[in-house]
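The structures considered in this document are given below.
Consider the two complexes below, in which chain A is the common component and chain B and chain C are the respective partners.
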Partner chain A sequence: MPEGKLCNRKPIETEEELKTLLSDTGGKKYYEEMKSLDVDSGLLWKTIGNTLKSRTKTWLEICAHCGMCADSCFLYLANDCDPKQVPAYKIQSTLGEIVKRKGQVDNEFMHMVMETAWAKCTCCNRCGMYCPHGIDMGVMFSYLRGLCYQQGFVPWELKIGAGMHRVYRAQMDVTDEDFVETFKWMVEENEEDYPGLEVPIDKEGADILYTVNAREVKHYPEDLAEAAILFHLAGENWTVTSTGWEQTSLAMFAGDWAACKMQVESVYEAMERLKPKRMIGTECGHAHRATVVEGPYWAGRSNGKPPVESIHYVEWLAEALREGKLKIDPAKRIKKKVTLQDSCNYVRNHGLKDITREIMSYIVDPGYFIELSPNREHNYCCGGGGGFNGIGLFRPQRNKGLITKRDQIIESGAELVIAPCHNCWDAIRDLEEEYKIGIKWSFLKPIIISMVEIPEHLKPEE
Partner chain B sequence: MYEFLTGPMFWLSLGTCFIGITVRFVLYFKGLNWQLERVAYKAYPAQGLKGALNSILNWLIPFGTCGWRKQPFMTLIFFGFHIGAVLVPLFLLAHNIFLKEKIGISLITLHPVIADILSWSVIVCAFLLVLRRISLPEVRILTTAYDYFILLLSVAPFVTGLIARYEIGNYSFWLTTHIICGEALLIAVPFTKLSHIALFFASRAQLGMDYAIKRGGMKGKGMAW
Partner chain C sequence: MFKKILFATSATEASDHAARVAFNMAQAYDASICIFHVLGVPTRGFSQIVMDVKTKEKVEIDDEYIAWVKEEIKVYYSKQLEKAKSYNINYDIKVAVGFPHREILREARNYSPDLIVLGGSTGDDEDSVYKKSMVGSTLQRVAKAAPCPLLVVNRPAASFWGGISQIVFGTDFSKASDAAFKFSVNLAKDLDCELHIFHALDISNMHMGRLLTQDEIESQIRESLRRIRGRYIGELKEIKDYSFDVWEGLPYVEIVKYAREKHADLIVMAHHTQKTSNEDARLGSNIEQVIVRAGCPVISINK
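After this line comes the complex of A and B, so read on.
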């Protein structure tokens, strides 16, 4: 069958299309249509010809089939060392096979590819660190997702997610007005406790432009308030933009590269319009990767950098604590066993391994911080990265995938897991719901607010 | 036969190997694309070079990376195989006497006992690599006939070379077979997975640049391979 009404090769371009797809609860009809979606082999092979160049070609060719990547993969471990979860096998049997067959693959094959690309790899890139040849299968899976997306073989939620970015320039149906209103409302709610608290909108030349994750606006607005409070207490000259405020990119998880470009350019335009000294993004891993690490390339910036210096929230927080802009009340520091979840997207993929530990040294009483093993750039994915958390069709596989992180946390003996990343935070919440190991989990902002000293001049009048 | 193998065939196989591998190496780097790979290679040449060297050197040291340390048995048989496979063909006394006669130059040479040990190490480790392929499910699932063919092609010059060296059976036959195997190996290098002889360095350099330039190499202490 040619393309379906809901499941097809066309990206979502309008609000109406988005609403139609959203109304198909759970993607029932969408996946039904996918069963008879044709593969456009000509297009597939042409795209490969244009985009699969020497690096990836060489990776596929010289893989020694040594299997050293096997136990680098948390999904291999979580699935009782199933050989079908060996990263090299997963990529060779999907992308490798498509290349070998010059794109001549059928619907059934593409279903298998889709499941492998989204339910057997979170693009955490850990395997690339364990391959003697330096073959990064996470990078190849991300590339493969792009091919799947182009062919219409993409999980329902991610087709929607990419569509959201195309329509709203946000991962959820949050408009610019919603964003500004919600931020203002949250600030008003906290004005009494923090006199002078404000959210400067579209202020030019501020020291900081703060960008967020749309789900904070939609589901966790207190996060916006916490960000405002901490900037306020630190005495920062900051602002948010009324348009181009969304740092995340579900389009990156979906493999919709055109939407990735549209999304990140909206943020860069805000940077260029408001000319802040720095951009600081919220506590999110993939948002940072999308806007700061990969984004410049989607936008065609040959220096690989966003228009202004852009840092992760943990970098700002460490700096504020180090320089005394924020002071922690020593009596309120954490006095229970606490560990830290290293986000793949800004630790393994952006080197921020020590900065979070510096934060721990300020907020945890000596002797209470425990490392997960392994940690830093060798840490395992939370189990829900790369869009895995959000795909209903692959929920059983995701829940199984949480086991590696669960066991890592149990082994550490920690009671509290600090997860400065939305995906990690979700995955750890879900693993507690699923496996009930008796832990708490948190972002950094609420923890800092619970222990920060409020300068005299910022205290509310009695 | 011997004249042909050590004459035109010698030049043909050596030429194919060197030219082929050079072409592949150059094409690899020419084929890199900063936007497709999303690495600003040209914007940060110094960091890129440092990252590339770091990525290559760490992996050339036995137990030098977390990956090697995680799998000590594999590390031993991997290096046991590769050290001999690289050193013996280049620095064997007999090879260098031949080179001296042929082109008038020779390289430093290995002590014959060391050459023997390294050659045996290649054969024993190749055997263990095969056993590993058969016994470990995570390696077995990846293994194809092609992998065995490559291993056979790589180890054949060593087996035949040792038989000739110990003068078991007909020396002239085994010497001729050894030369054929060696030349077949040389010719195969650019066209098969054996191209990793050069492309290992290329691929490792690329990932090293990726990490050094984009993935945090300019933040903090760089990459702990």
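After this line comes the complex of A and C, so read on.
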């Protein structure tokens, strides 16, 4: 049977297509069509021939099925040690099978692959640390998602998400005008409390180019205000770009490789146009992975780096606190049991584990900070990474997946969880909503604002 | 004075009293009214699912759902709307998805009303969708950032209203109070009503627990009266009737008592607390306490 009207192998290219797909509430018709979507085995096998390189081939072949990866997977733990949740099994029974069968797989098989790729793996890459051979199932699942996307077997929300990036160069329907206007609005709202507060737009040669997550613009622009206030108080020379401001990439979660490239190139173009000294992204994990860690490769940059030095928000914040650009009022430091959620995407995958703890040392009164166990690069995924949070079809699986994090938090006894990552923040909010364990959660920005000292010359009159 | 009213409603009982005032004002001042309702709070990252504020169910929003909610609102306010029609009042019903305070402020920016009308608290229900992931109430957040005066009706008693003839302006002599004063004067002029200027001398905690002697209190009252004369009275040339008083006590209690004594139809105060996010400030500033307790609508001005 040919492709469906909504569910097909064609990416979303226009606003109209996007709206049509969005109007299919919950993806009902989309998933119905998926049931009769043919697998283009020829294309699949050809793509594998072109893209499945020696590393992945070797990984698939040398897996000794030892099971060392089993306990490393939070989904295995949350699902009562179901053998079908062992990472090695998950990848061998999907990508491994497709390769073995030279792409000759059917619709039913691809449905199983889709569920495995998006509901049984968040690409947190924890298993890769525990495999004696260093096989990283998370990396392979990211690759497998690309194959699924090409064949049209992708969750409804992610087809939309990738389409948003293609149409708006943002993960939500936020236009460049919306972005600039919202940022200005936030400055207006706060300029009385912070005289001289501004948002410099398209300023060339600034020290900092700040990039964001479209959700901040759409639903909680306070986050933009907080970023502006902290740069202002720290006396930074900063700017935002009127186009190419979106740091995130649902295209990465969706496996839409072409859209990944389009999205990240829009940010790199802004860097090249405005020539800032550094780019700083918001408190988001996957955005950092997409734009700073993986993006350069998508964009074909030979040095593997973005056009200008790019750092995560926590790196800037630690630096500002360390150098005294931002000063914390010691009396206002956190005085309740607080823990920290390590975001896989910039802690395990980009080594920023000590930076976040340095921040904690400045903002928490001694004796109140508690580590989760395990932590740092060994920390578990929040339970909602890799797109898991947003997929309606896999909601029950996601809620079950939150259990590992829930128990980790309960065990720590923390009342507040600081989560400098949009995905983690969402997952932790959802786990509180689902399981009601009586915790609070927060990004760093509002916490810093509540305790930062305002320099004398920046105080409002009166 | 009031040509465009933005009535932000939960479309529940909590907003009924505010609705009465909003529609009465629209009728009295020949204003257009925009009935604005935030129907759901986004959940789940980038997903399309929102939590319906009324049913607390997780729903997927589409055009059909929005049309249905609009219809519900129309039915809920059918009496008022019928009356509005008979008086040729322009009205519009709008719904949005998002965090209520933010969407109200967004709509205020978009619609540029002269007045935002807000209902009372929807309750401290732990499950309340309005409280999701945001500390502090919708009221606190809207009051802090509203681009125009914000009128709040919390108690049913505050909504039985036959027009405005007595205005109480409560001041703490701050810069923000100056703006509230200006607004009160214009309003009193425009509506031809009596203006009562009031300051409450806070004797609850300002002297680190030391009890003030009566002489000290009275000397401070005299000082405050001097300040009122110096700061405000010169501006009242066009106001026919006015009075001013300073009482000592717990400021919000004194303001509410004073308003009762003056049969006030409206209290005007400044909102100028910097922090709204602090949970410990749950009981809030004086104005929030006044809003909760007053027997008439309260207008909050922040700039």
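Just so it is clear, the second predicted complex is superposed on the first by the 462 of 462 C-alpha atoms of A that agree within 3 Å, B and C clash if a C-alpha of one lies under 4 Å from a C-alpha of the other, contacts with A are read in each partner's own complex, and residues count from 1 in each chain.
Keep this in mind: a contact is a pair of C-beta atoms (placed from the backbone, for glycine too) under 8 Å apart; a residue touches a chain by one contact, two chains touch by 3 or more.
Here the structure is a predicted model, which is why all the values come from computation and not from measurement.
J.: Check the residue A:G392 against both partner chains and state whether it touches chain B (first), chain C (second), both, or neither.
T.: It touches chain C, and chain B stays clear.
J.: Comparing chain B against chain C, which has contacts with more of the residues in chain A?
T.: Here the partner covering more residues of chain A is B.
J.: Mind working out whether A:D71 is in touch with chain B, chain C, both or neither, as first, second, both or neither?
T.: first
J.: Just chain B (first), just chain C (second), both, or neither: which does A:Q171 touch?
T.: A:Q171 sits against chain C, while chain B stays out of touch.
J.: Tell me the contact category for A:W185 with respect to chain B and chain C: first, second, both or neither.
T.: second
J.: Residue overlap on chain A between the chain B contact set and the chain C contact set?
T.: None.
J.: Residue numbers of chain A touching chain C in their complex, please.
T.: 22-23, 25-26, 157, 160-161, 171-172, 185, 189, 192-193, 215, 218-222, 250, 384, 389-392, 422-423, 426, 429-430, 433, 446, 450, 461-462
J.: Quick check on the complex: what are the chain B residues that touch chain A?
T.: Within the complex, chain B contacts chain A at residues 27-40, 42-44, 55, 59, 66-67, 70-71, 74, 78, 133, 136-144, 147, 193, 195-196, 199-200, 202-204, 206-208, 210, 213-225.
J.: Can you tell me which positions in chain A touch chain B when the two form their complex?
T.: 51, 53-55, 57-59, 61-68, 70-72, 76, 81, 83-84, 86, 88-89, 92, 128-136, 293-294, 296-298, 300, 302-304, 347-355, 376-378
J.: For the complex, give me every residue of chain C touching chain A.
T.: 42-49, 60, 62-65, 98-99, 102, 105, 109, 132-133, 145, 174-175, 274-275, 277-278, 303
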